[in-house]
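Report on the structure given below.
We just call them A, B, C, D, E and F in the order they show up, numbering each chain from 1.
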């Protein structure tokens, strides 16, 4: 699996590394971080790149400017829809492939070795919900609100919201939000555990997200990455399948230096440093 | 798919249409809306009929009289159980088919194109829980309570409660209710998101349910019906299966007049009217 | 299915019967109920034995001493890991079988006919979470806290926590706990319905757990055991599969004396006593 | 489940009953039994009607005229496709519902209590394959051939062939047939067990199909119907799910008069007559 | 996992060990190896015992006397069915548990580490089919025949045939056999690959089965047992699930001494001896 | 989805295009086409590249030199295994990722839009089986033989054979091959439909494979690609899931120019040319 050095320069994202923490910021503040095709593609590229950087152990995802994201870039989308010419079947096959491509871009958050903490301030609309439901955890500001915008623009959400939200909200609440497109406040999000915590402003929320990322990054990367892989697997499998899979997994991954280091540290109550999961040349 | 004009006159239900909203009321108030065989059958007939009426875009389900429903009509059931004569195997095969038939009747709420808002006042017992868990959303009064009554009459709930409730309540809470048959208050229902909102009295609850129905009916019926179908699908499938399915779905259903209308309306902030999903002659 | 008389004397557990209620207490108080290999094995033996005693209709699970359990016995585990010698592949195959064996031990709570109420006071760490998530219901004291300890010792939880917790907590909250190994308070547990109730101290919590067990034991054992089996089944199957299964189940189990007794009692509001599910010689 | 007396008069089918055997013949011989919308609908109606007639225990399905069926009525289809006007999204939603309706029509063969023996002579093309793969067994003449015609008319088979054929032919053979639309001879069909037997001409094939139907009809209808239901279930479930389901099923259906009659007959080697599965008023 | 020394003395079976091969023979020749309750239980005990003996690497299963087995012991079964007294619901719950117990007994063939070769001579009826379908491979004599006997005694096969046969025969052929209870000859069994080979008489068949067992026993037990586990898993899972599982499996089990030994032997074309999978004290 | 022009020059493969047919030949004849890491990677790259070339409608896969492939390059693998140093857990996590990467390389045959015909001459061993089972169809020479080589080198096959073969061979036959590593002849492969046809020599086999590819390439690419996608989906889903998915699929992809062209051609019996599925700039 030869991997070239990752490039972390993007048109629509601001990506930075600090120690074991990566920070990905949606970076079209003038356009309220509206998600255009470039942003979808770059989100996929960025998270695949971060996944391949051995030092990255947790990722914070936020939005630059006055809000997290206004969702899909409607102007670009309208322009694209208007161009749909030619054989109606081929137009739709192309659309199907396009949706799958966008889904794949957002699913990189879920497939990334390192847990992702989304930090939402202001508004998170439409495609933004698809995006943050693919993150591991969500933190927000008091003034944050969430809108499943797709129904308001006459379409069925198709890049993840309707598949991931049922694991994050009670069915009846989700259906109300998905059918009406109404705002969902930070207080409601907190009530049902859709977010992990709510903070006074963006600064406080980012501090909390970063602290959470640091807490994760201090743990064994073998344990954290394995735990993420197993929780992802559990969501989609029966109890018995899940148990068999984790037994096979741990038969390979449990016996190593991290468990010795961590167990010793736990018994002696001393700090410990874990090696990266992957070596630079893997 | 030839469809005759739907008949909306029932023995055990009061069904009315007003604009794009249908209202189904359990209508055996003298019997506390106890659910007999006729009511199960008519619920199936009513929701299939409403599904076929192009103008229907949302349904409110309530109970006439002093409470939502006392659940299964025990007198009728006792009478039926007493008649089980003949070959024990054929008696049980007949019972199995009977259960499947009742399940199918209640599943029409879930299969109905149009979202269903259940509005519960007073008591909702036994079969009533099976019924409202098949609805999309639940609204109730402060004095409402819910009882998984089946355990109190010595049987395993078999028309949907034990299949649908795990998606509506935390497992431990559900198990307590299902094993003990105790009352579950409107406050508890609100805490866990089993209901969408709680209101002072039936009038207020019905007003809220109707307002919610109107909010849904104002949206694109292609988007609302598709969203319902996809949420139903997501519940029973892996994430990957769900994503593939919605991509195939939207390859057919996304490119149409609603998205143009809705997107234009969203950009211009003007009202828009959507055509029915089905034509009268479909 | 010949069954010898169950032996209820254990090294690491204190098991007692009182009427239809069994009480299982983790009983290594000097070691803070640390879970060693003997305790895993005996938990399996105890719950299989209780399952086979016809009079048992509900089980309370608690911990003797100052807290519920400190989790895995790290000293024993460290010792075991240190002994892993020989062919690396065979060592890992042996480990895989060992994990499956421990999973099977804890799954006996779930497979036990009788519902299990876990009563947690003080701390419940690591393996203790794996244990109580296999119970039907959880009750705790105000000072109780819960820690997914595995990440703190450098491993992926592999005896049930990551498979069962997603049905007990919102995904984002679970991921935070599993990635950081932080304490989860009784207040948080209550907020999301991870526990059924919180009590001032162990005495009050045990009284509540016992009262809940008695409420369950007073119901038809055919109905309670069937309900537990069906809820377990529902968790791992699609809605349609679940409905078909319960229809087949009830075609065999519904027509019996309990439904007659219970229905009569419900109509006459009189007490009723149900026979055990199994006879002594089954 | 009120059931009106079934009407067995159809436009496109010839349906007859003789003892416990029903015979359904595709009956548009002038049009080579081309399957139009009426035929799809009537196939659904016919098999639902036969399912409800207590005396029916096996069904033979054949085609009148010089061949089994030429498949989809292309003229009607072309005409339908040409009428697709209006909102492109609604046209496709209507098409989706139309496909589901046709699928449901053919699935009635699979859902029918009584096993279905398809008897193919001459050609069986396109929709004819969708039809006979929904039957339990297939018998054919030496001159019979089978063509997955859909690819030849530029579409993906969508009424069952691609879902049911993988259980009837090796994957590589199926893919060749589905990608090339070439003829598949009776000899090949015999080689892989796609058909149960091959006969010299239609008369011999019909005689064999009828003899097979009679052999089935002589067995306990509880056993035959249950076996069909369980084989259908097994196809779509894991081994463990299948075993649990049949145990629940037989707990209700095994203990009855048929097993006593049949076991006695087996021991005494005498003929036995079984009662119908359903009574006339069920 | 404490394991006492296995006892290989049985009432209804003759079990012997020779080198790495175990031989299990149904041993009620006077009763034509009719399968009574003792035989079901002992089959479970025998295969669990063999699984725990480190030296066992392959198992041959045959029948003593003039045929493989006449299937279920009808006299015992008739006697059991006649005793079904008491509450009809409890009688059926007991029956359900009984069926699950018998299923578990036969599933030990599938769960046994070591592959099982069934060697059938003469007749293999009813429960015998359930038994041999749980084996890995089947070999038979020319005069062997197979009958799904359950339909002939008025019941639905419920200990594995209807779940495992769909993976061993084309659906249409299976359905004919299951609906009619007709004999299935060795020639037909060979045609569809239901058996691996057909031999002139029992001696030749046993020799072939033993040779096959020896060929398997000469291979790496890590490779053989892992291959069996993965094939079992593949049957019940999607392609993607299967691929993920085998990757996790091999991450633990691939890197060991067997691959070094075997690869060296393959390159040098020399014989090699592999250590047992389990040590005597595991 | 920006796609750069595909490069079809490889170290280990010879890839050529002729009209709508691509030809991929394993091209390490001196090493008997032994599959090294480069070949796995390049197989993935080649099939992804071909998938993206609009004109490609079918692919023939063969081996240059005297046989198809000797399977895994044991020398390279031995060398890799010998280098496994460092933390045992990280070594195994790296191995797990390596296996998943190789699986992904071979799965590109299955994910490729265009059907793949494997043409095997001489030997096809080990990894070669993993490779050809991911193809749509297999054709071989009389002297061809197939060996599941992994057991002979002490490992569990982990790049697809054990997941895909159960759909291509009867379970008992597969298990014999996988446990013993014996040769499987072209005659046996033909008997069970593992191959589509057997030919005298490589020239004849290649001619047949190419003719089959041409027959496929002449059909509507919308129909062929859709059919491949739906057959892939059917393998892993229940009947009902499969039917719902194809209905959603065809709601988008059916109404187009190909069905008009093909239906017209079918009625008029004239040749027709279909446009590529994708345009050059998709």
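Everything that follows uses one rule, which is that a contact is a pair of C-beta atoms (placed from the backbone, for glycine too) under 8 Å apart; a residue touches a chain by one contact, two chains touch by 3 or more.
Owing to the predicted nature of the structure, the values given are computational and were not obtained by experimental measurement.
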Intersection of the contact lists for chain B and chain E: A, C, D, F
Equivalent interface to D-F, taken from A-E, B-D or D-E so that over half of the residue contact pairs match: D-E
Same-site or different-site touching of chain A by its copy chain F, using the half cut: same
Between C-D and D-E, the pair with more C-beta contacts: D-E
Chain C and chain E, separation of their C-alpha mean positions in angstrom: 34
Separation of mean Cα positions, chain F and chain B [Å, integer]: 47
Residues of chain A whose C-beta touches two or more other chains: 88, 92-93, 95-96, 169, 192, 222, 235, 237, 240, 244, 248-255, 258-259
Contact footprint of chain F on chain B as seen in their complex: 233, 237, 241, 244-245, 248-253
Chain C to chain B touching residues, read off their complex: 115, 136-138, 167-169, 192-196, 212, 215-216, 219-220, 222-224, 226-228, 230-231, 234-235, 238-240, 242-244, 246-255, 258-263, 266-267, 274
In the complex with chain B, residue positions of chain D that touch it: 1-2, 41, 86-90, 92-98, 101, 222, 252-259, 275, 277-279, 282
Chain F-facing residues of chain D, complex: 74, 77-78, 81, 84, 91-93, 95-96, 99-100, 103, 107, 150-158, 160, 162-164, 166, 169-176, 178-182, 191-192, 235-237
